[in-house]
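Two complexes are shown next, each including chain A; its partner changes from chain B in the first to chain C in the second.
Then we have the complex of A and B:
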């Protein structure tokens, strides 16, 4: 019985998919299937409510049946909630957009629900077999959703690109799993971590390092870290915008949850310290590459969807920086979860406005179309400005707090090179690019960005000398953090 | 060299040669010949699985891979119906040279890693029921029940996705 309760968010979202499929078949043929989007969104919200209930009351529930395969600790439920929230938001903006594109089909929402349940399995899994199953269920539905507009050639191309490259990345993860099983004799991530703790890899340790590299490549693809990002701009631009929101938000959050959990559980930095190939250094290199590439290449883009795609690449870099700095306490106790939350909200809002703009038969999301946008649609312009400012990390918006606590965590942690890394991240002007699309909303955003960044730099460096403990994330997130003591759970 | 080793080497060399024949001339030039070479490789691999006591996997390998999956391959080749002109001579670009080199490099890393593991490898005694259908089924419906059931959602989403992309528009 406990199993059924604990698994309820997962099976409820899968059941929503089945229900929507049934309604779609039974409904009148001339009925537009847009309302199914709201049915599916309701299913996601109910799943989220169940996850919230489990967070409050689920700690006492144990299930020997699920032990070792799934974990329903606060870590899973926190990221599961982010995923479900973003899924519901993407579904709410989908029906209108798809109707305007004349591409609304009931199956779209069925796939969305299946994809969400796959993401929950992905996030909850503590065994590499279940991780892979969740990853595939999540991705397979998204490939089809990307190519779902039958009239859009770019959409079909994007779907094909995502499908082929996604299959390749999954095979990397699967090969890594096979090697880890070959080395340790287990697919459970806690067992694998314990094995490496008892038998630390020494010397060349080719096979453990190779397995680790394969796992990082496989997951790095899903979170669009440079150099595994090549699909991102084309797919984000070609996909229907609600699917882009889905990929930039929910998939990325799920990907980071699993990335952090797998790396921190399987390859403890202190057991892999004896070999040259330490995951911390790999993650650091990925983080610096990703944020620089996303910010630099984003500047020259002229399409809003592409700009936001590069912005999401750059944000992945900052989140990776947080993963780099995480100590033994785990990802949830760090600022990464909070950062992801602020990123998620701002991304939904900005892509939502782009969805409203672009929803016509000939979707055009070039920057020129956004000139004077603030005058034509004052409220939408304001919303877009706020979300872009939040993405850029300008106070008083949430993105500023996210970046602030992230940098503070990096400075505070005892990882190597923390000061140069933070300075690098600060000069790496985040999302100037994103602000370009605010043309017409506010006059000269760039000066304002530079000014706030100088402010942020000075504050952080001052704080570093004056002691950082006065400003801890936990004070900010008191109700959340009281539940976070046992973060990874069994 | 024991009889077991001799059988292993026959099976292993057969599997590798079959895999090479998929892409290399003379078979690899024609997609259908390539697909048939893949069947040969699959069947030799099934033999290797038998030697590893994984009987159930060996049977599945023949039934599903050499049977069902290969039928799909042949269907796709038939539906594409490529003419000899479309199957033009392959061009040799630096991409291909690079990919051969990276394949060799990865193969070298894997091989050296595996030989390192083999030095420390002790063959464990396995129960008599290891790898037969009953024990595989037992594992599937006990520890992995939910994961096993959830894989039906994966397959269902593949079917729904194919319908979504391929079907005609409703007017």
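Then we have the complex of A and C:
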């Protein structure tokens, strides 16, 4: 198949941006078209459908140059679809919100479309330079979207904070790329992985460890892992809520896709076992820190957007735990993808409700404003409650299944300390962050919910060796993709 | 080669550190932007030194990509600085402190 056709999801989302820009310019100034958001969302959906159609047929790029830069395996397909789904969802809720804020500018949707295109490049890239380009295309648009409301002082402040720390993170990633290039002579992640396979780093291995640390720091900022998280609450709170949905969902999913791919392809566990700086343990430390910090600090917050930001930090910790437990078979063979999917859906739903409320509440999203919310808006209250319970991991909602299979994977993997780590994660009260914001809607059921959760935690620990069918990404993709013989491969 | 590779890499790492410290400690948004630029350019120095060391022109292309991206980044950064200035009448990063818990 023609390479240009195969790349169409990427350029189609960029083209959507150009189209929206054109419509916005041609329309009369005094009657701004209200449908731009929906046009952009349609572009995202069409891109997603095309991606599904093209990439599932196992088509491969033919040009030797592009082959080294992009990969359209099941891995890219899965995360690309999550990203486009999140993008379309936040674009659908954006227009009403922006109109209420009197900030409904066409540029917002243009930037969103470019950002989505950058995200697809980011997710599909197998070359560090392409990763950097995708990252910057995605991030630069989001910085501008964050500060897009000219009347919002907090928006500008959030944009500044995100910009400065995002720029710092990109520089770290870029320096890591430069060192990896210096060591291996290539920027292709498969070549780099092969180089380290042939020449395994030994002893202190200062340069490889340094490069690895830089890559982990650079991507750690994007996925908001503690201690690289400090921008997250401020930016999530200050940004227009549709942009927050975008950052908490799409950017985080894309960040994890790339984080997993880079670490597992370049720094293959077997080759990096013997050096002093073991990245597996670094990821484990990040995971434990991130989930604890997110859950603990989330408790004392009084703003719903901040609470959800801390909840998203805590979830990053759980996903990192999944990345830690991934064996040599790669991320595709773990439940991380499913966890991300449940997280993404619950995030869209909860931030979506906050968006609907935020616009009319003059952007006051403190917890007090949500008191009695369920009585005033029964359906929205129910939706918010369900999605918060799902984020907290309460059965029977999807978030529980995500956590269940994630913990099960960690227990069944042969990584070090798997049992203590899972016990730590369980007593980490993943539910508290979510439940805190549920207080406004529902008060009484909480105690019995916590009790149920603890009961199930115990059951889960006892079930740890039982052979339940796992929700591996592979099983999910079985109907999606025809050739799944390869693992994470490029 | 007259000057060994490690000197270039050492210089680049020093520049990168200066940039990072600048981003972390300076309070003027414009100086922060400048520090980000120093970081990006120190990475360019690393790329170019390794390219020379390996006799590979590929990295020259990467440097141009990085320069272009850095220019785009400054464009967005200055726009945000203008927004900050409009609201605070200064580009002091510390004065933008409405978001905290």
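Throughout what follows, the second predicted complex is superposed on the first by the 446 of 490 C-alpha atoms of A that agree within 3 Å, B and C clash if a C-alpha of one lies under 4 Å from a C-alpha of the other, contacts with A are read in each partner's own complex, and residues count from 1 in each chain.
Here, a residue touches a chain if its C-beta (ideal position, glycine included) is under 8 Å from a C-beta of that chain, and two chains touch if they have at least 3 such contacts.
Values in this document were obtained by computation on a predicted structure and should not be read as measured data.
Shared-chain residue A:237: touches chain C; no touch with chain B. In the superposed model, A:182 makes contact with both chain B and chain C. Once the two complexes are laid over each other on the shared chain, residue contacts for A:378 go to neither chain B nor chain C.
By the touch criterion defined above, A:144 reaches both chain B and chain C.
Look at A:117: by the touch rule set out above, it reaches chain B but stays clear of chain C.
Applying the stated contact rule after C-alpha superposition, one finds that A:133 touches each of chain B and chain C. In the superposition on chain A, A:227 contacts neither chain B nor chain C. Of the two partner chains, chain C is the only one that A:154 touches; chain B does not reach it. Of the two partner chains, chain B is the only one touched by A:107; chain C is not. Where the contact sets of chain A with chain B and with chain C meet, they give residues 129, 133, 136, 140, 143-144, 147, 150, 159, 179, 182.
Here chain C touches chain A in the complex through residues 9, 16, 19-20, 23, 29, 32, 36, 39-40, 42-43, 46-47, 49-50, 53-54, 56, 58-59, 62, 65-66, 69, 72-73, 76-77, 79-81, 83-84, 86-88, 93, 96-101, going by the rule given at the top.
Against chain A, in their complex, chain B makes its touches with residues 109-110, 112-114, 116-117, 143-147, 150-151, 153-154, 156-158, 160-165, 169-170.
Only residues 3, 7, 10, 14, 17, 21, 29, 65-66, 68-70, 105, 107-108, 110-111, 114-115, 117-118, 121, 129-130, 133, 136-137, 140-141, 143-145, 147-148, 150, 159, 179, 182-183, 204, 206-207, 210 of chain A touch chain B when the two sit together in their complex.
Residues of chain A that touch chain C in their complex: 129, 132-133, 136, 140, 143-144, 147, 150, 153-161, 163-164, 167-168, 170-171, 174-175, 177-179, 181-182, 185, 187, 233-234, 237-238, 300-303, 306.
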